[in-house]
Every structure is written in structure tokens, then in C-alpha cells.
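There are structures below to look over.
In the two assemblies presented below, subunit A is common to both, partnered first by subunit B and then by subunit C.
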Partner chain A sequence: MSGVGIDAPGSTQLFIGNEAIARGALEAGIGVASAYPGTPSTEIMASLISVAKEMNFYAEWSVNEKVAMEVAAGASFAGIRAITSMKQNGVNVAFDFLANLVMSGIGAGLVLVSCDDPSTISSSNEQDLRNIAKWLDIPLLEPATFQEAKDMTKWAFDLAEELNTICMIRSVTRIAHARGNVRLGELPKKEQKAHFDSICPVVPTLPKFISYPSAWLHSQLHAKLDKARELFESSPFNWYTGPEEAELLIITGGSCWLYSLEAVKALKLENKVGILKLGTIWPLPRKLIELHLGKSQKILMVEEIDPFLEGSIKELVADLPPATPRPTFYGKHSGHINAYGELNPDLVIEVIASIMNLTYESRPAEYSKKAEEIPFTYMPPRIMTFCSGCPHRATFWAIKNALRLDGRDGFVTGDIGCYTLAIGPAGFFQMRTMYCMGAGAGVANGLGKLGQFGFNQPVLAVCGDSTFFHAAIPALINGIYNKSNFTLVILDNNATAMTGFQPHPGTGVTGMGEITTAVDMEALCHSLGVQVEVCDPFDLENSTATLLKAIAQDGGPRVVIMRRECELVRGRRDKKPPYKVHVDPDKCLGEACGCDRLCTRIFGCPGLVWDSESGKATIDETICTGCGVCTDICPQGAIIREAV
Partner chain B sequence: MKTLAKDPLNLIIAGVGGQGNVMISLLIGKAFIKEGYFVTIGETYGASQRSGSVMSHLRISRENQYSPFIPNGRADIILGMEPVETLRILQQFGNSDVITIANSRLIHAAGMEYPSLDKIVAAIEGLSAKSWLINATDEAMKLGDPIFANMILIGALVGSGIFPIDKKSMELVLRESFPGEKFDTNMVAFNKGMELVAQ
Partner chain C sequence: MDMKVKGSKELLTEVIDAGLCTLCGACAGGCPYLVFYKGRIVLLDSCTLSQGQCYQYCPRTYTDMDAISQQVFGTPYSGDELGTTKEVLMTRSTDTRIKESAQYGGTVTTLLSLALEEGFIDGAILTKMSDDKTPSAFLAQSREEMLKSAGSNYMACPVLQALNQLPKDSEQRLAVVAMPCQILALSKMRQEPPQDRMNVGNVKLVVGLFCTWALSPDGFHQFLKENLNLPQVTKFDIPPPPANIFEAYTPSDKISFPLDEIRRFVMPACAYCLDMTSEFADISVGSVEGIAGWNTVIIRTDVGAQLIEMAKEKGKLEVDILLPENLAHLKEASLLKKKRALQEIITRSGDRKNLLYVSLQQSIIDRLLA
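Here is the complex of A and B:
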């Protein structure tokens, strides 16, 4: 067994946080794992699914996060420990079920791991999931290190069983995707047996797994939370380091703990500044916090996104006896830390230095001056773009041309996936709206009903193949039912590419590698009574013509499927390019050509390079994947492709 | 047990998405784990396959786990897989003691003008206490695949002697990471890298 399943208790591994979480679930003896991929949470499930068969448990990529959470709950109800993992947006999708689930109890340990993405490094929005735990009364743990990510996950299953409620682990990108030391524990070796027992122990005439009568269950939930608070008072995941009386007390948790430690060290304040590190984030261990509040007259809350600790601790202070001295609070409300974006050691150093009236120099001023003198033109920015040979580049080229030929100021509504890059130069700025999964199709429904207000701009909604199954089908059905006028373009690259090429219901394989029924998206669309065309995006001429025809139609929605495998998947499998491509320097007119560098400046595949010495285009053979599409965009026919 | 010249030791690997940053940082990190260090690696994900600027921060300590961010101006070693990215990292994280090893082969950013390589190299040298610029990509192409540039750079890092990991420990990690023949070709690349900085 390799990876997260390695049976080597006591050994130290270099795991990313997501692997550490997966390992914790294995050490807890899970029987079921379910997830929908989403950065930065994906590798939790990816690493679990890679060992599921060998380790004799069940794992799946579910169609979306709501179903994933229901799958895990089903297993828990029948006495099997289960984990579900998702990114912050995924929790929104699952929210309705989650908000009902907390009303009832659970069966075996049930854990939701949710990954926030402060600074939205790969997300369509920024939000702080700690609020959901508080809102829905869910016990929440947050790891500060890779070791804690494993240990907390393992413990969360025991905790869930002891409290009889779902527990949450909150991770963030800098835990999920960073790598560090993890010392392994034992893997349990016992057999598990599933049995569904639905008799409610309190009211035998009622089923156990229902969210009714809610008010009474809600009061039960509050009692569970009080018990959690009691347990958290003595949790080994909370501790204090620093002097008995501190000039400044930092209260922090999660990824921010390491930043705080480093900042205090960099400023040499170990003897003046104390740090209370919290791992049990909701409910907060009230007595423990009160005990430490007395250590200093100045309290700084170091946390990312919302003032969650800050607000919750201030609530707690408001309940203290009136005679207790009130400390001064520093944090988001005082303007010392932003209530958005992620933190890092530099930002925390800056905040502490300003409160303590210190100056900090990261390097000699002379060096900084020299570094800043380097002209900006020496380091041209790299704008994120589609991979070389990506089918999406060709698709958006065709969309752009079709919309221009149509001439009615049509536009694209979209959502999240590799194709989101079409909001920028990679996709020729074609995507004009971008929100959550499936939102392109949903928003198009509204736009497509505005004819009575004189609206005649064509609306083209795009979604990926995995997104189609996840969230766009209800929007398409709504459009058919309500006769909304739009074209749905499904970018079918046969994978959930952005998160690492996971299979989905249309691919015909399960996450565990079993062959299964491939849900046929054309047949599905046909059965809904909608017209479907399929194109190969690399055939620019046919794609443009097909799109133009679809756009020109009126009435209810029509579907165009742009079908071409993700280039990275193809490249990894085929190991060789379909074409050998080069630029004929005699045909390329360079600066003299009227195209104004159409190939490198506009089309922008990274395989195409402008050689400033010769003043002509060339191909970088280490980058070009030989798709051959650029041959069809050069007006001079100077880009030559030869089949390999 | 070997100690570090500086604790934590901060290494940044700079490159372009798709070049293999993650692989390099993982191999080096594993070598340190074997020797009982705390290792933290921070990666820029998301852009990793899509031609953006990427960097990995490696932090090595005998004492404790560090965060995945090296503070500004606090890099000790920079391993550059591409010259422009190397310079970008030096500008933000360099200091008067920083040592640089970099691939001199440019990867053009789509649609951008570049100054001459000489100017970029001069700027890199000007900001480094010591530096090696090697054409790892061309050497890798001679071995049949530009991806070997990564192994050449790891070889150069070990060969430069600025690094508390020797050839034997690195070889152990490579043997575990690459099966059979793949190990041999990677070792050829690794040795080439050692050779390039020895000259």
C-alpha cells in the first residue's frame, strides 16, 4: 500500500494537508467517502479513492456536493463511518440538506471537511465557513499544521459519535495544498457491518432520522453543543505559549497560528507577546478563553476573512461580570487586519509591529533599492491562459467569430471551470458573466425572456460537461419549460479538468475505476425535447457555422456540444502530438503582415512565440502540443502542420 | 546529525506552470524528511498547468514546522527553472546573501516583449551573492525530453555544495520515486547537473 494508505505507524511522511486529512479518516476506520471535486479540497477524495479498493471501503465522486453529503449520511445512518469533503461553494450546494441533518442525530461518525479559499486563489467567491458552523450549531475543528489535520480528522469521528451529531473540519488552501510532516498512527483492521435501525430511542413511534419535530430537536442540538463546549475546554488542540503576563495577547487558530509564531519570532517578542492557539473553533471553550483574557490588556485576533473569533469572543466578554476590566481589542473592527483575503507572516509582522511601535526591516535597504531598480520590462507578467492545445481556446475562437458574424452584440454567460479563463484574453474576453456552478445557464434563462422589453442580443450560456451534470440540467429544463431564448454550449472535454481530470457521470467510469453506464448527454437532451448539435472545436469552420446557426434561431433553448478531450488527458495517454507544427519563415510576413500578430498576440497559445530578432512568429517545440489549430487562424497560411 | 547553516533554511523554486515545480519540491523535501528535518512546502496551485508564474517555498528546520510562506526578502537559495521567473522571485525575496541556481532557457509569456537574455542574466547576477546560470533545457533535450531539466537542476543544487543534502541521500529518494529504467535516465540527468556546476 502506498500514499495515504501506507501501513507504517510511527513513520513520518511529507503529506499535503489534504492527504493528512484523508489519512486521519483512514485511521478512524471510515467505510464510505464521497465528494465532488473542488479546489482546494479535491485531493482528500482523490487520495482516498486511490486506496479504496485495496483497503476495502467504498468511495465515490458524486454528481454534486448535496448528493455527496447525502451519500455519506446514508452510510452513517446504517452504522458505517463516513466522510464527505468539498470546497466552500460546495457547502453552499449541500447547505439545505446539512441544515436539516443537524436537527436529527446520526448513526456512526459522520464528518464534513470543508475547505475555504481565502484570497480566492481558485474560487469564484470568498466566504468563511466558520459562520456556517455557528449558524447551524455544528461542532467545528480547524487544524493549524499537517499533523493536526490528520489527528483532528481522526478524532472528529469519535466526537461525532459521542455528541450524536455531524462534525466539521475547516481547512484552508494553505493547509490543504501545503506539505509538511505527518507522523502516522495505526490503521484499524476490524470488519464493519451495515444495518439500518430507524427506531428513535426517545419517541419510539417516530423514525430516528427525520428533522421533525424541529423545535424540540433544535433544543436537543443546543444541549449537544453545550457538551461539545465542555469537552473542548480541555482539548489538546488548544494551548498557550508565552509569558504569564503579556504586553499583547494574540488569539488565533488554523493557518494563522504559524504566521503568528513566525511574526513574534521575527520581531524578537517571545518574552512580551503570548499566543493562545485554538483548534476547537465552534463552540469556543469559554472558560479557557476567559482564563487567558486576563493575561493582557491588549488582545489581537489573527484570523482570515471574517472577524469570527473576534465577534464570538467579544460576545463572551460582554457576558463577563460588570467589574471585570475590558481589554482593548485589535483585529478587523479596529482596522488592523482586513476582513478579506488571506494573511501571511509579512502581514502579521506588520500588524504586530504597528501595535508594539516597532520597525521591521526584511532585508538591507540598499538591497531593496537595487531590487526595485530592475525595470518592469525585464519581468513581463504571465497571464494565466489555457494549456497549449486546449480545446477551449478553439471553442472561444469559434464563439467570438460566430457572435461577430451574427452582429447583434451577443455575449456569453458562464460559470466555473478551466473555461472561466474566457473572462480574460485566454478566451478573447468572451465570457461576460461568471458565478457559481451552473449559473451561466441559469442567468441565460432570465436574459432569454426579455424579448418583450426590446432585448434581441443573442445569449450563449457555457458550461463544462461535469458542470452540466452537477448544476446545469435544472436550468436547461427550466428554459425548455418556460421557453427561454438561449443557446447552451456544453464544453465536453470528457473530464472534470480543472480539478485534476476526475471522471463524472458522462465518462462511463466510476471514481474507483469501475466501468458503468455513461449518461449520454445528447440522448438526455433529446429526451427533453431540445435540439442538439455536436461539433469538434478543432474544426473551426464547422464550429463557427454551427454556432452561428444555433444563435440565429428563436424560441426555446438549443444545445451545442463542443466535444474534444482535454489536451492534458490526451497528452498523458498518447505521449505524442497529432501534428508536427512549424512556422514557414518565408510565408510569415512578420511585422509587415496586416494581421498585427494575430497568432501570438490574440490567439495566444503559449506554443506560439514572437521572435523579436527575426520579427516573425515561431513555434516553441517544448511547449507546442501539436494540435494544429493555429494553422487555420494564420491568414498567410504560414503555420504548417504535418501529421505525425 | 547535520545541522543547518541557518534555521529555517528557505529555498524557493521558481518557474512557469507545467514545468514541474511540484515534482522538484517534493523530491527535495523527501530527502530532508529522511534526515529527520521538519519540512514545509508551499505551492502556488491553480496556475500550475496553465502557463502562469509558479513558485514553491521550501522551509527546512530542525526545530519546528514553519508556515508555507517565506517572508519577503528572506530566501536563502533560489532554484530557477526559467530566468525571468528567477528574477521576479529575487526581486521580492532576495537579499544580500541569496544564492541562485537557474536555468537560462527563456519561456516567453504569451504576447509579451522580452529584453535580451544577457540583460536578464546580468540582473540575476547583480541581485545574488553567488549564482550559476545553466542551460538545463538544452541539456535535457539532448537526453530526449525537456522534463529532465528538473533533474539537472536538482543535480546542480546538490553539486553546488550550498545545500545540506548530498548525492547519496538524493539518490535514495530518486530510487524510490522512479522505477527501473526511469531511475537510470534521471540519474544521468542528475549527474549532468552536478557536472555543470563543478566546471
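Here is the complex of A and C:
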């Protein structure tokens, strides 16, 4: 056994934060793990699922985060420890269940790991989920190191059982995806037995696992939170470093603790600035904080995204006896730190320096300028685009042509997946709305009912195959039911490609590699009573014609399935391209009238390269996957494909 | 009036969006950007070229009538009612099969068929109607295919797109049968042959059709679809004045629409057209007022004259003189179109010196405005 499942207590492994969290869950003896993939959370489940069979527990990629949350809760109800992991958007999907779950309490330890994505490196929105913990009265821990990521996760299960409520771990991209040493603990070896015990210990006639009577349960929850606060007062995940009397006290947690530590060190202020590092984020250990507040009259809150600690600690201060001197707070409210985006040590240095009236130059300005310029002199300029041979490029080519030919200013309402790149040149700027999973079809429902207001623009909603199962089905049903006029295009590439090719209900294989029923989306759509067409996006002519026909129709929704396997999946399996592609330079018109570099300027497959010296297009054989679609794009027949 | 050749962006703003596009097809089919679809020229993607053949050959961008006339006839543009003519005749086919499906006298199909038979051409760019009477241009390479094109439905059709789509290494010698605006664009192509497209020098015979206006292939087709069972229609006709009707024939019936009801589908661009008789063709062909089953034929070039002579000799065509009153009527109608168009052009430009797209000698302008 390797990776997160390695049975070597006391040894040190180099783990990314997500692996450390997974290891913590294994050391806690989980029996069930469930998740829907989403950056930066995906590797938690990916590493768990890779050892599930060998370690004799159950893991699944669920259809969406709400179901994933419910799957884990189900296991907990029957006495099996369970973890569910998701990105911040996923918690929104699971929110309704979560908000009810907190009322009832749990069975065995139940932990929700939510990975926030400050600066939205791979997200559609920026959101600080610590607020959800506060809102729903959920005990929340936030690791600052990889060791803590493992240890906290393990402890969260004990905590959940002790408090009889779900516990949350908040991670961020720089914890999730950075790598560090983790000292391993024991892996439990005992057999687990599941049994659902439904008798409520308080009112035997009531079921144990319901969120009713809510008001009474809510008061119970507050008591659980009080207990958590008590436990957190002495938690080893909270500590202070620095002088007894500090000129400045930094209160921080998570990845920001490391930034703060580094900043203080760089400024050589270890003797003047103290750092209170918090690992138990909600409920806050009130007494511990009050104790340290007295250390300085200047308090700086270093945290990412929302002023969560800042607001919550100010609430504590408001409750202090009137005579207590009020410190000056620095942070997001004061404008010293942005209430959005990631932080880094440089930013924290700047803030500390400005509060302490210091000047600090991390490196000479001239050097900085050079360092920032250098990458751009060596890196080839590249736009964010679909992979070479990606079926989505062909799909959006057909969509673009169909909408232009139709001529009524039609547009695409978008969704979350690789195809979100269609907001830019990769998809010829066709996608004009983009929110959350399933919103493409949902928003199309509203637009498709505006005929009475003179609205005549064709609405074309897109979603991926995994997204279709995740959240687009209710929107489609709504459209059928309410006769909304739109075309739903399902980009079926037989994988959850963007997050790393996880299987989904349509693929016929489970996360653990078991063969299963492939949910037939075509048959499903048929059964809903909607007209379905299936196209191969590489057949550009037929795809365009099919789309044109679909968008020309009136009445309720139509479905067009663009079916073509993700090129990366195909390439890995087949190990060879379907075609060998080359450009006949004698036929290539290049920039001349009649072409104007259509293939390299508009179609934009990275396998096509413009050779400015010869004034011709060429194929980059190292990148070209041999899909051969560009042959059908070239107006001169200059791109030649030969079957391999 | 801007004499400069520009690109597709300007073609869009100055011609297509400005309502001057005749749907001749000269801009379409030669590149991946401009295509004809359901009665419109569509720009699929932006082209960055500041000068394009799309703009250059458009019959509604700057057109030097003298230069074109010099190219075709060796003389400056006369501005006469019927343009440069050698002879104006009346003809009809002797071929019963052609006559059966002919709009009038079957002259065009007969001449093309003869030219093909004699090895003068290898094919012809023609227009045919689908079952649902959507017109489309195609390359006819046999007498049978040529017969498919007989008859008209009066809708504009981008004939030159089909020409632009021919392989550039094609050696086929061609005839083109087209409307005045299309022949004007074709003349611009022959004046400065296209780059990286079919060899326009292979066009050996240009047959022009008379045209007072063309109907929108989108709007009018919709109208037809709403009012007729289109696959059953065998022929459309606009009989010469004073009938003032549009007729659709089915095997059992003849349905008439008042011409005024049809006129609302006339392409707006036709209002600015000065040419009724396809003045830059080798031969121009139309109906004869008051004499059913015959065509008026204007022979303009030696090529045209030779072909008519051959058809006469081989007994393919019956040839007669056109009565002076018919000729007078034809000239009157043609002149009226010129005068109206010139007025429309000046009204639109607001300047007698600015004729939007056409460059004419001042004496011709004065004559037409008199």
C-alpha cells in the first residue's frame, strides 16, 4: 500500500494538503467517503477512492454535492464514520440538507471538508465558507499546516461524536495543493458493523434523525456549540508565539498563519509582534482570545476573503466589561487588507510595515521588474483554450456557425466545466452567461418564456454530461413542464473532464472501478417527452444543421447531445491518433484573401501553428492529436489527414 | 463615392446592412467568412483584411461603367436604353421538350444545350428550384441538367457563389446565366481576375436575363409557402402588362396574386439598379410583350452573335425580327428603370455628384435626369 494508505505509523510522508486530509480520515477509521469533484477539493476523494477497496471501506463519486452529503450522513446514521468533501460551491448545493442536518445530530463521526478558493483560481465565485459554519452553528477547524490537516481531520471525527453534530474542516487552495511533511499515525484495524438505530433518546416516539421539532433542537445545537467552545479553549490547534507585551498582535489561522509568520520574520519583529494562531475557527475560544487581546493595543487580523475573525472577535470585544480598554483593530474593515482574493507574505509584510511605520523592500525594485519580465520573454504566448482535439472546440464551432446563420442574435447560456472556456476565444465567445452547475439550463428557462415581450433571440443552454446529471435535469424538466423555448446542448464527452476524468452516472463505471448501469441520458430525455438529437461534434456539417433545425423550432425545449469522448481519455486509451495531419504549403493561402488564417486565427486548435516566416500554417506534431477536424475547416483543402 | 477597395467589414456596413445587397453571391463562397443563408449574406467570423475580393467584386461598391464597357465591348459606356447592342431579335426554341418547360421561348436552354453539344462549353452555372421552390445555383454539365433549370420563380439567388465555389484548378469552360446585377459583378471579376479562385477566363459565354426586380428569397418564399402547396407548383409567371398579376401553375390549376401584393417582397436593393437588360452579357434574353412563346434576344458581342447564328443554322432556334413597337416598348421600360434608379440613388445620397456605387459620365447623368 502506498500513498495515503501507507501503514507506517511514525514515518513521515510528503503529502499535499488534500492527501493529508484523506490520511486523517483513514486514521479516524472512516467507513464511507463521498464527494463530487471540484477544485481544489478533488484529490481528497481521489486519494481515498484509490485505496478504498484495499482498505475495505466504501467510497463514491456522487451525482452532486447534496447527494454526497446525504450519502455520508446515511452512513453516520448507521454508526459508520463518514467524510464528504467538496469545493465551496458544492457546499451551496448541499446547504439545504446541511441546514437541516445540524438540527438532528448525527450517528457516528461525520465530517464535511469544504475547500475554499481565494482569488478563484479555479472557481466561478469567491466565497468564504467559514460564514456557513457560523450561520449553521457547525464546529469548524482550519488547518495551517499539512500535519494539522491530517491531525485535525482525524480529531474532527472524535469531536463530531462527542458533540453529536457534524463538524467542518475548511481548507484553501494553498493548503489543498501545496505539499509538506506529515508524520503518520496508526490506521485502525477493527471491523465495523453498521446498524440503523432510529429511537430518539429524548422522545422515544420520534425518529432520531429528523430536524423536528426544530426550535427545541436549535436550542440543543446551541448547547453543543457551547460545549465545543469549551473544548476549543484548550485545543492544541490554537497557540500564541511572541512577546508577553506586544506592539502588535496578529490574530490569524489557516494558510495566513504561515504568511504572518514569514512576514514577522522578514521584518525581524519577532520581539515586537505576537501571533495568535487559531485552528478552531468556530465557535471561537472566547476566553483564550480575551486573554491574548490584553497583550497589545493594536490588533491585526490576517485572514483570507471575508473579515470573519475580525467581525467575530469584535463581537467578543463588544461583550467585554465597559472598563476594558478597547484596542485598535486593523484588517479588512480598516482597509489594510482586502476583503477579497488571496493573501501572501509580501502583502502581509506591507500591512505590518504600514501599521508599524516601517519601510521594507523585499528585493530591489529593479530586480523585481526584471524577475517579473523574464517569464514573458521565454514563455510562448498562449491563450486559455481547449486541448488539441477537444470535441468542445468543434461543438462551439458548430454552435457559432448555427447562431450566425440563424441571424437572430442567439446566444449560449453557460455552465461549469471545461466548456466554460467558451466565454473566450476558445469557444469563439459564444457563452454569454456563466454561474453555477446547472444554471445554463436554468437561466435559459427564464429567457425562453419572454416571447410575449418581443424576445426572439434563440437561447441555447449548454451543459456537460456530468453537469447534466448534477443539476441540469430539474431545469430541463421545468422547461418541458412550463414550455420554455430553448435548446439544451449536452456536451457529452463521457467524463468529468475538468476535474480529472472522474466517472459519473453516464459512464457505466463507479468511482471504485465497478461496472454499473450507465444512465442513458438520451433515453432519460425521451422519457421526459422531449425531442432529442445526437450528433458527433466532429461532423461539423451535420452538427451545424442539427443545431440550426433545433434553434429554429418554437415551443418547449429541444435537446441536442454532442457526443464525442474527451480527447485526453481517448488518447490515453488508444495511445495513437486516428489521423496523421499535415499542411500542404502549396495549397495553404495563409493571410491571403480567401482565408486570412482561419485555422490559426479563429479555430485556434493549439496543434495548428502559424509560421510567420513562410506565411503558412503548420501542424505541431507534438501537440496535434490527429482528430482531423481542421481538415474540414480549411477553405482550401490544404490540411490533409491520413488515417493511421 | 469611395473608389477604394475595402474589406468585409465595410461590405457589411456599406452594402449589406445598408440594404444595397442584391444577393448576387459575388462575395460569397470564395472564403470561409461570407456565406449565403436563407436570403442573407452572413459573416461567420471576422476577417481582418483591409481589402477583399468580396468588396472588390460587389456590384454595389464603386463600379466604373466606362472601364467595364471598355473591357467587354471596347467602347465607353453609352448609357443607351439597352446598352451596347449588335442586334435585337425575337427567337424561340424548336425543341419541343425545351419548349414544354420553358418560361417563354426556351431560348436560353437551347443556346446552352447547343454550346455544350458543339464543345464550346463544358458546363453552365444555372439556377434551379428545389421541390419546395427554393432557388439554388448549380453547375449543369449535361443537357438533362440544363433542362432542370428552365423556368423562374423571380427570387434572388446568389449565382456567383456557385461560381466562386468551383475548384480553382478547374479547367472547365463555362457559361453563366444570370441577372443584371450578377453580370455586373462578373464583369468586375473579368476586369480584374480573382486571386486564388477559379479562373474567370474560363467563363466563355455570359447569358443575361431581363430583370425589373427580384424578390426576397426569404420573405417571398415564406409567402409562397403560406399560400401554396409548393411541391405541386410547376411554373411561376408574371405575364407582361397590363395583366399586373403573379401566377402559379399547378397541374390542375392556376393561382393568381395581384402584383401589388407581391411587390412588398421586392429586394430593396433593386430600387438602385440601372440595368434591366443585363447590359454586359454576350446575349440578353427576356420575354416579348404581347407575344407568348417567344423571347426577346439582344445580341451584344461577337460570341453572342456567333452562337445565335449557329443556332439558326442548325435549326435549333426560330429567329424573327422584333417589331418596332416591341423594341420601342422595351427601350421605354429599360429607360424608365434607369431614370427611377438614378433618382433613388440621388435621393439616398442627397448629392447629384454622389451616385453611391456607380460612376457614370456627366452627359449620361444629365440625359437620364432630363
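The criterion applied here is as follows: the second predicted complex is superposed on the first by the 626 of 644 C-alpha atoms of A that agree within 3 Å, B and C clash if a C-alpha of one lies under 4 Å from a C-alpha of the other, contacts with A are read in each partner's own complex, and residues count from 1 in each chain.
One rule holds for everything that comes next: a contact is a pair of C-beta atoms (placed from the backbone, for glycine too) under 8 Å apart; a residue touches a chain by one contact, two chains touch by 3 or more.
Note that the coordinates shown come from a computational prediction; the quantities given were computed from them, not determined experimentally.
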First, second, both or neither for A:P635, with subunit B first and subunit C second: second
First (subunit B), second (subunit C), both or neither touched by A:G407: second
Which of subunit B and subunit C A:T377 touches, first, second, both or neither: first
Which of subunit B and subunit C A:N494 touches, first, second, both or neither: neither
Residue contacts with subunit A in the superposition, subunit B compared against subunit C: B
Touching partner for A:G594 - first (subunit B), second (subunit C), both, neither: second
Contact residues of subunit A, present in both the subunit B and the subunit C interface: 601-602
Interfacial residue positions of subunit A with respect to subunit B in the complex: 12-14, 39-40, 121-122, 145-147, 173-174, 177-181, 255, 258-259, 261-262, 266, 344-346, 349, 362-364, 366-368, 370-372, 374-375, 377-388, 418, 421, 425, 568, 597, 600-602, 604-606, 608-610, 612, 620, 622-623
Residue numbers on subunit C that touch subunit A, as the complex places them: 30-33, 35, 37-38, 40, 42-45, 47-49, 51-53, 195-197
Contacting residues of subunit B [partner subunit A, same complex]: 16-18, 25-26, 29-30, 33, 38-47, 49-53, 64-69, 71-74, 84, 87-88, 90-92, 94-96, 107-115, 119-120, 123, 126-127, 137, 141, 146
Footprint of subunit C on subunit A - complex, ascending: 400-401, 404-405, 407, 428, 589, 591-596, 598, 601-602, 633, 635-636
